[in-house]
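Take a look at the structures below.
Two complexes, one shared chain (chain A), two partners (chain B, chain C).
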Partner chain A sequence: MSLEVKRGEPILVIEDLELEFKTEEGIVEALDGIDLVVKKGEIHGLIGETGCGKSVTSLTILGLLDDNARIRGGHVYYKGEDLLGLSQDDLRKNVRGNEISMIFQNPQSALNPVYTAGEQVKESIVLYQSEDKKEAKKLVLDELDRVKLPDPEDVYEKYPHELSGGMKQRVMIAMMLACNSKLLIADEPTTALDVSIQAQFLRVLKTLQKETDLSILYITHDMAVVSEICDIVTVMYAGQVVETANVNKLFKDPKHPYTIGLIHSVPGVETSIEDFDTIPGTVPRLINPPSGCRFHPRCEHAEEKCKKEKPKLERISSDHEVACHFWEDMK
Partner chain B sequence: MGEGSSYFGDEEIDLDEEMEDLKNKETSQMELVWLRFKRNKLALFGMGVLILLVITAIFAPFLAPHDPLETNVERAREPPSRDYLLGTDQVGRDVLSRLIYGARVALLIGLLVVAVSGGIGITLGLLAGTIGGWVDEVIMRTVDAFLAFPILIFGMALATALGFGLYPVIIAVGLILWTRFARVVRGDVLAIKQETYIESAKAIGESKINIILRYFLPNVLPSIVVLATIQMPFALLSSAALNFLGIGVQPPQPSWGEMINSGARFMQFDPTMVTISGMTIVITVLAFNFVGDGLRDALDPIRRGGS
Partner chain C sequence: MNIIETENLKKFFDSKKGTVKAVNNVSLQVIEGETLGVVGESGCGKTTLGRTILKLIEPTEGKIYFKGNDITDLNGKKMRPLRKMMNIVFQDPVASLNPQMTVYDHLSRPLEIHNMVESENEKIRRMIDILNTMGLKAEHMIRYPHELSGGQKQRVCIARALCVEPDFLVLDEPTSALDVSVQSKILKLLERAKRKFDLSYMFISHDINLVRAISDRMTVMYLGKIVENGKTKKIFNDPKHPYTKALLASVPQPDPDKKVETPLTGDVPSPVNPPKGCAFAPRCSNSKTVCERDDPDLIEAYGRKIACHRYK
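Our next item is the complex of A and B:
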């Protein structure tokens, strides 16, 4: 995997990924033909309601799915190689860490409580950069400094429970950066942080991304975060991709009724709680998903065709794709 | 097993403040643990007893007033006197000296049994928890099978098969007690498995062995420490029982269990010996239990990941 990908070229390509979970209640069709392209050096937002398959998608990329998951079809190409064809051993040695790494939702339990922050970052350094002890420590301090932690020497000696949520999350990024990964998957990293810490965190992430030409797949359900840091956004609904677009275009001119609903349901400072729109209904349970377009039971524009036929993701301009039979009719 | 009475009332606020102070002074984990531990008076008492016991065992030759093996039939079964502070046994050996030397046997048995049972139990528990699937099934059903045996009968059978003596007893008791380690460790591993840092470790490409040794093992360590202190009295009691039955440590070598056995024979005439050796075991067992309890309370916040 030494293949170099130039800036702006696709680094991760997910094609028609289908995945199901075997549960006691039946088969859950978690992903139904996901298409997603992350380009080198971009921050790609993956957005959708809880349970729509965002996290499952990310775990599939790293091969970290639970045993009850079965991939029914599709491909996950990373730098041109299909990750789904690799063994766990290959993934561990050649992909996880040195190529793709991931930061998780809950910083409170994301660090091993028995080691200091510094020791944990050092673990990545030793795995991927330098085994020399003195040098490793210096590199760790560099990484801690890079993620703008105040007083890296001090943080190095601190145990996770002595750090705040925001600091822990930054230590996590330092750990991932220390692996020299090319693609970072961030699974709702700011959900557990309060708003000012969140802004700080996003700033650090954005700066680092520019400095290192890192590609980021940023998973969230927070529209505000998306508008703040993402270049491209993919919207998912119930295991399907409904729309992908440049972030400005998506907010200005959304085409899929679900995206439109999502954007309208973001409460603003001016709007009162009575005024803002919500999308009626909830995400369907995927044991018996709706036929055709999975959004049709909640869609006010739905017609017969939507129940029968699954809409294909259609390119409507150079940086805008949408999966809706009637996108042309949307405002 | 008390629930650490110091955790109630205004004392808690006190504790928090004290801990905050200490945190500001850059305290280590161990200091925090010690701080919480020493608030439990019973645990402190238990630790005092154990320290005394260890000192007694180490310096037995200097502390014992007589040779524990020296018999003096003319002065057998004597009550406590100036010559023999705790009296003499049926063949005129000094009871106090035998008790002191018995501490050596007791501690040796305790430590080795915990080492044997811990070694087996921790390894199998880690494997069962991390690998899961049929490995887990096989290991845990074996645990169930072991638990189904009555401990003493099993110990007797094993000790008989291995021959009488100190080491067969240690192996026998160790083979009985490993099941608890396996269960506790497996349970902890299953809980830790859900933690994000395990997923994180996988995401940076840590190897399986590294994940077990650097992530699972250190995080189950507090439970292991607590369990080891609680297992120690079980080891003492089971081995004392085997010694009492005459399977274990062979006379004239002194052991507390054997002393109860001998003392019980002339209990009607003079209960001193059986009472004193019995009390020694009871106090030692209690001391271990107090320390175990205190350690559990003190280590618990760490086990739950701080805060």
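Our next item is the complex of A and C:
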């Protein structure tokens, strides 16, 4: 992991990742050739509905998949090295924590209930920064302060159950900072939080991104949150990447019919109930998924070609890629 | 006319740490034919309010009127005929359906209990009609909950609530467990059902964009109290209460040009032993001495109701 990556250069590159799960009911084709590039210093949104494969993608990056998962092909390059070739031991020593960290939807289950918040952050400090006890504590307080926790001294002594959801999530971020991670994977970090707390949390992330060179892969199903903090957005559907674009382009000029449908399903400032455009049908099961473009059974523009041929992710401008045979016909 | 009215409604719970004032002095009206949105963050009492109004839990104090009649003290037996007129749809459709019962069973019980049908044929006809209204088919009758998707389960829950022809429905976060594309479908179906059956809704949600899209009037709650209540459009265009202002400003919009500017600081205080005076005062940037001392009344101002000392 010695390769230096400059701001704006790719830090994480996923190429043609294919993954399946063995289940009692059959083989679930969870990822069907995913391409994803996260650049250093950017917040990259990964959005999609339940079961589209966004969480599975993140677990693959860190080698946290269950035993019933099988990687059929593809690569996950981090700073030029293929993580899929590393052993669990290598991942633990050289990748998890000091290079890539992850925070989850429910901070309650990610924190140990019998240790104070401070002690848990200190564990990372001692591992990666300083073994000196006094200095370690000071560093912990610094990290707690950086994530804008009020009264760090007080939070240091608190047990997880004494902290609110928003505070716990910020302790998780402090832990990640203590590890000096370069890439943060955040899997629905604000779904369990109230809007005012979510706003505080997003602000902390945005500030960190500006002040440090932290890259963030932000996984969510919430289009509004994506538009709030992400620079680049990748949209997934049923295990395929359908569109990747700069956040402004994605919202103003979406090209994939699924992205268009998704944007119209979200209530915004000027929408009333009559304006809601819905996508017909439901998300397919991934045991024997639809052939070709997996969105074709729900797509009003679908033709024979869509059933037979999986569309490639095609670059249509410098910061916009789309996987649709007929993207040029979309308004 | 008001289909629902509450007067100084209170619901307190005793806990080891003290009394939780979940609903504290709430007076509101649901006008016939409207959708009243109730918004607020977790712990503000919106769910307890919905359940107390339906008398699923007994109020501690205050009055509840349904179509002008006082129903506060009605016992279980006397409530029964009213149960079919007022109904509820819960957030989690998985927990609301019995895994051992088919869709047919779920719909059949309310119809039988309220003597809504005279023959099996009539019952089936009614069920098919209501399932169709909710975008389901007759064949779904023989399905068990685990054979349905999340969105379909919630449609069954709504069909069950609608099959007894109620006048008023409490919808308690009916779409928050669902994906956005499914959510928009359910909302459209609810809107269609509202027109078809002349319903009034109380729509409880933490999703402010959603309430904006579907409600006629809205109530903003904070720690068991109403802080602002009025026409949805008016409140969104010009929020007056500092909490409403901050809450609306905290909501991210699905538009990259609109960013959240002034997020609220601090957390919602615990509803056990809430702050003295105005509950929002510790987080309010305009808080004065009077705010920490006296609890503001809900007063009429700017064509709505507001509970804030600034507007006296």
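The definition used in the following text is that the second predicted complex is superposed on the first by the 327 of 331 C-alpha atoms of A that agree within 3 Å, B and C clash if a C-alpha of one lies under 4 Å from a C-alpha of the other, contacts with A are read in each partner's own complex, and residues count from 1 in each chain.
Note that in this section contacts are C-beta pairs under 8 Å (C-beta built on N, C-alpha and C of every residue); 3 or more make two chains touch, one makes a residue touch a chain.
Please read these numbers as outputs of a predicted model, since none were measured by experiment.
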Which superposed partner A:G166 touches (first chain B, second chain C, both, neither): second
Touched partner set for A:H301, first chain B, second chain C, both or neither: neither
First (chain B), second (chain C), both or neither touched by A:E228: second
Partner chain(s) touched by A:K310 [first = chain B, second = chain C, both, neither]: neither
Touched partner set for A:V283, first chain B, second chain C, both or neither: second
Dominant contact partner of chain A by residue count, chain C or chain B: C
First, second, both or neither for A:R203, with chain B first and chain C second: second
Chain B versus chain C as contact partner of A:K137, first or second or both or neither: neither
Contact residues of chain A, present in both the chain B and the chain C interface: none
Touch list for chain C against partner chain A, complex: 41-42, 149-151, 179-185, 187-188, 191, 206-210, 212-214, 246-247, 250-260, 263-268
Chain A-touching residues of chain B, taken from the complex the two chains share: 23, 26, 29, 195-197, 199-207, 214-215, 218-219, 221, 302, 305-307
Residues of chain A that touch chain B when the two form their complex: 62, 64, 92-93, 95-98, 101-106, 108-115, 123-124, 127, 157, 159-162, 172, 175-176, 179
Interface residues, chain A side, partner chain C - complex: 49-50, 150, 164, 166-167, 194-200, 202-203, 221-225, 227-228, 247-248, 251-252, 261-269, 271-274, 276-279, 282-283
